[in-house]
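What follows is subunit A paired twice: with subunit B in the first complex and subunit C in the second.
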Partner chain A sequence: MNRVVQRRAMPVTLTLGLLVAALFLASLLVGPAGLGLGESVTALLTGQAEGEGVVLIMREIRLPRAILGVLVGAVLGLSGAAMQGYLRNPLAEPGLIGVSATAALGAVLALQTGLAAVFVLALPLAALAGAALSVLLILGLAGPRGGALALILAGVAISALAGAGTSLALNLSRNPFAVTEIVYWMMGSLADRSMPHVWLGAPFMLAGMAVLLTLGRGLDALTLGEDAAQAMGVRLGRLRWGLILGTALAVGASVSVAGAVGFVGLVVPHVVRPWVGSVPSRLLPASALGGAAMVLAADVAVRLVAPDQDLKLGVLTALVGAPFFLHLIWQMRQVEA
Partner chain B sequence: MWGFVLRSDFVAKAAALAPWAAAAAVCFTPAFADVPARVVSINLCTDQLAMLLADPGQLVSVTHLAQDPLMSSMVDEAKDYGVNRGQAEQVFLLDPDLVLAGTYTQAATVDLLRGLGIDVLQMPPVTSLAEAADQIRQVGAALGHPARAEAMAQTFETDVTAVQQTGHKASAAFYYANGYTTGQGTLADEVLELTGFSNVGADAGVTGGGILPLERLVLADPQVVVTASPYPGASRSEEILTHPALAALRGQIGAQTDADWVCGTPHLVRAIHRMAAVRATLQDGP
Partner chain C sequence: MQLTELRVRRGQCPVVDGVSLSVAPGEFVGLIGPNGAGKTTLLRAALGLLPYEGHSSLASLPVARRAQSVAFLPQGREIAWPVRVADLVALGRVPHLAGGTSAQDRAAVDLALAQMGLSGFRDRAATELSGGEQARVLIARALAQDTALLLADEPVAGLDPEAQLRCMQVFAGLAGKGRAVVAAIHDLGLAARHCTRLILLDRGRVVADGPPRAVLSPEHLAGVFHVRGHHAETPDGLVFQPTSLLP
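Up next is the complex of A and B:
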């Protein structure tokens, strides 16, 4: 069985990689300006086009959006898979357990106190601090094995608290637009993001993903139980801190530039698990690719469904994710019964 | 324009010099039987028209918005009046004979006040220059000063006509937070038309106010981008105004709309003159 899965893992990764590449291209080609295929690609690659505007659209508007789609999706898929592996709980996910919500609170506080205007890195750093705080809380509250009930209840409480804090900060803002942005922070969007947002978020997201990807072997051992893992030389403390650091870096930075997109980290590991098996070291990279594909697809879809409006990404991911979540709960009930 | 500034100056000073000036002003006003003695305005635009047209002492209260420099052209004048927040209870306690209101959001308040037997004049938001002149006349008549209002409206119409630009149109776009623009059938659109611009938002099919995606603005490449001064504090909505793609357009942000654009009062003439000045700096070209 294991060998079969191992043989399957490579083609699956390749297939997912191709899917991400195709969706990345689709993300570059879809937009309200309605540019031609050849025109767009030429403008993007060579910087030459009939109208100067076409180059600007491709390089300054669509490219950052597509890059952020890949990164944000990869971060969410990967951190979902890592959390599910560490807590050995199928319901763990940055959105559901409040990590994204507290990251959003951190980002909103950095923006509304004016800190982000004085010091550019304050935005991702504050979001990162928020994310780190909630991961610590979750691990503390849910315990090392992460019982499903404790985990979800702690997540609901942390999400509610962070959401209330975000709403309060935005309501008290002197800026009349800020209050309308509560939905953005809770649902996420990639509309009108620019290259500076990529430069701001990408280093943290890449660093976070690098940390999370190194956890694969430790998580593999952990599937046999904590004692067995320790006997195999896995240092659990280090694994735990790696998870906290990696998730905080990756999710914090992703929320600070794109808001909190839910359910990606929940759905993606479950979808790719039948193909690559539940061994974390293989599940992690596949979930990263799957997450990237899901967010890119959602971001293409929001532009097709409502081209002139900023439909939030979280709306689409929740439309797919929430029924899936219900399905998981149903399954768990049957197992427990 | 100048006549109007002098008049408002006079009204402000007269209000400060209470009973003497008040008595003098009353002498100059034909004594209509239906001149309301106590007027309260609960709409930013009627605030300003009433401040311009009322006798000293006739206007009792204006909205708090009239003192907001981002929205009101008459911040200093507004400080001479009581301030209300447009709630029925507060307005009723001021014991007005006439309440000036908008048609847009105050339906419940207006119904309540009418139910209490108070005259309420509702003014719709102005969507053209002709409507602006009409409203000056309507508010003036309601306040019992039709001649004063007629003179002001005629000055406004003359000032507007004097600016009328013919010939080649330069392209311009309004661009605000969240990619909001104003298109066809708006006062702002008519100001652009009048001052020698074609409105990119209107050409893109936006009627009234609506969203113009940044991509389509970039493709249209307007010669001038007109935006609003940013509010204090931070918002993601306003980040679009500092987007690198917008900064790379040939039409740098050439003008900012301000309080003078908000209402159809004679202050609008200042906004029109500023747009005409922007147009004059442009070379004729595609």
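Up next is the complex of A and C:
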């Protein structure tokens, strides 16, 4: 909050912003179709191209994929940072309050019942319904007056219940194709998403992020504990409401269009935190950008590493994220020793 | 600050039992009493951080107004993230921020850092400091809030003698400038020497309220603390030292 730090904080946002822009471009330009640079950009911007499919590939396949990469990544990074700030715990992540698990359950039910095949948005809508259900449950169990512990425990219970529901759906499924589809969907991916996915998911994700970005000052004050924050005029009830609502909107919508992409919300705030002096309000936008960069990079990587294999985005983020998580535990162990 | 018949129950048992008191500008009130007397609960209830019965002029203020006129230093010293000392102290300005940080905000932070002897620590990560240094940073945070009233829960616990005196002098200085300070303090010597008034709390009730010399009478010391003490008037003011346990 003094000039020295503001001067330091700006380049972080700027650097991350440029990184996201570069990766967005890379996401537009990398793909199995092997289009040329000039050709792709012209097709995207003007709708004119020599090959018939080029405009279609650029506008209907790669553009929605890149946009969703930015949004999903930003949502996960931002909600992870907000959750860690509220709980004052570096191990918190967006899925903690059960939204991801219930949204996934909604999607799984849509796949299992065959509803997903009826129209293109059936699956994301079912996932959103699942997310909405989890908010009602968590507010019933832990809010609006409950404490942080009640929130965590309610989230664990809801996640476990939704997980059990998902397993049950798989267990009872008589259709092996549906099972395969469910398993692949749950890995999390941005492949084959279309503009309607963007139109459905983007409003919820943007609204959720707008809510989460307003929490910065309250989260800053919470650095000093709940009593001090309240004495400084922070309304904890309202803060918790904003956290639950913002996370549910944003993460619910992100799961509905991309499946469960793990570890981004946990890892990104950690990587970015030292760059912003650990101040929670500065961490929020920086984590959103960091998350967007990580998901875009991972989504480009799955196309480059195994172009013919349809390697899932969620698998790659977990492959990178889990070792980082272990590293974190290792560090904590050393601090405590 | 005006408290009327303030009562806080934990289950059936009243922890603060019908406390009425008022604090005027210019006073530096030491809240003393044995462990479990209800000092912390009284301060928290006065701010409306706990459910209470009775009336508190602070808790009745609108939340934003209260945050601009009362600062609170909780007993638990929490610093969740490794933020810079200057950033942490600047959190005290949160209730005053209308948009960005103003020159007034920066001046308040600089003054608070200087008052607690922390000017050289500005860029250090707060969590890497020692416990006593962290306590000073948190006091500076409360000072930076720049309020008419400061409630501090055991501000000098764990500080070295220099920091203890510095803290008490800063608080006395605030009172001298027409502000008011209420601090829960266990060190009766410091309380006697620096406070303008002491309030002795025992089992949730006010046992004595008045000038230090009168409150630290042999009867109160025996009845509440079960100790004997020695008073002396010196050129530096009242000196008080608890000397022995009573049988």
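To be clear about the criterion, the second predicted complex is superposed on the first by the 260 of 337 C-alpha atoms of A that agree within 3 Å, B and C clash if a C-alpha of one lies under 4 Å from a C-alpha of the other, contacts with A are read in each partner's own complex, and residues count from 1 in each chain.
Methods note: contacts are C-beta pairs under 8 Å (C-beta built on N, C-alpha and C of every residue); 3 or more make two chains touch, one makes a residue touch a chain.
Since the structure is predicted, the reported quantities are computational estimates derived from the model, not experimental observations.
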Partner chain(s) touched by A:A164 [first = subunit B, second = subunit C, both, neither]: neither
Contacts of A:A117 with subunit B and subunit C, given as first, second, both or neither: first
First, second, both or neither for A:G225, with subunit B first and subunit C second: second
First (subunit B), second (subunit C), both or neither touched by A:L14: neither
Which of subunit B and subunit C A:R273 touches, first, second, both or neither: second
Touching partner for A:D308 - first (subunit B), second (subunit C), both, neither: first
First, second, both or neither for A:E60, with subunit B first and subunit C second: first
Subunit B and subunit C contact sites that coincide on subunit A, given as residue numbers: none
Subunit B residues touching subunit A - in the complex, by the definition given at the top: 177-179, 210-211, 213-216, 218-221, 231-240, 243-245, 248-249
Subunit C - residues contacting subunit A, complex: 44, 47, 49, 63-64, 66-68, 70-74, 76, 78-84, 86-88, 90-95, 97, 101, 105-106, 109, 125, 138, 141, 145
In the complex, subunit A residues that touch subunit C: 1-3, 5, 88, 217, 220-225, 227-228, 230-235, 273, 277-280
Touch list for subunit A against partner subunit B, complex: 31-33, 51-54, 56-57, 60-62, 111-112, 114, 116-117, 173-178, 180-181, 184, 192, 194-196, 307-310
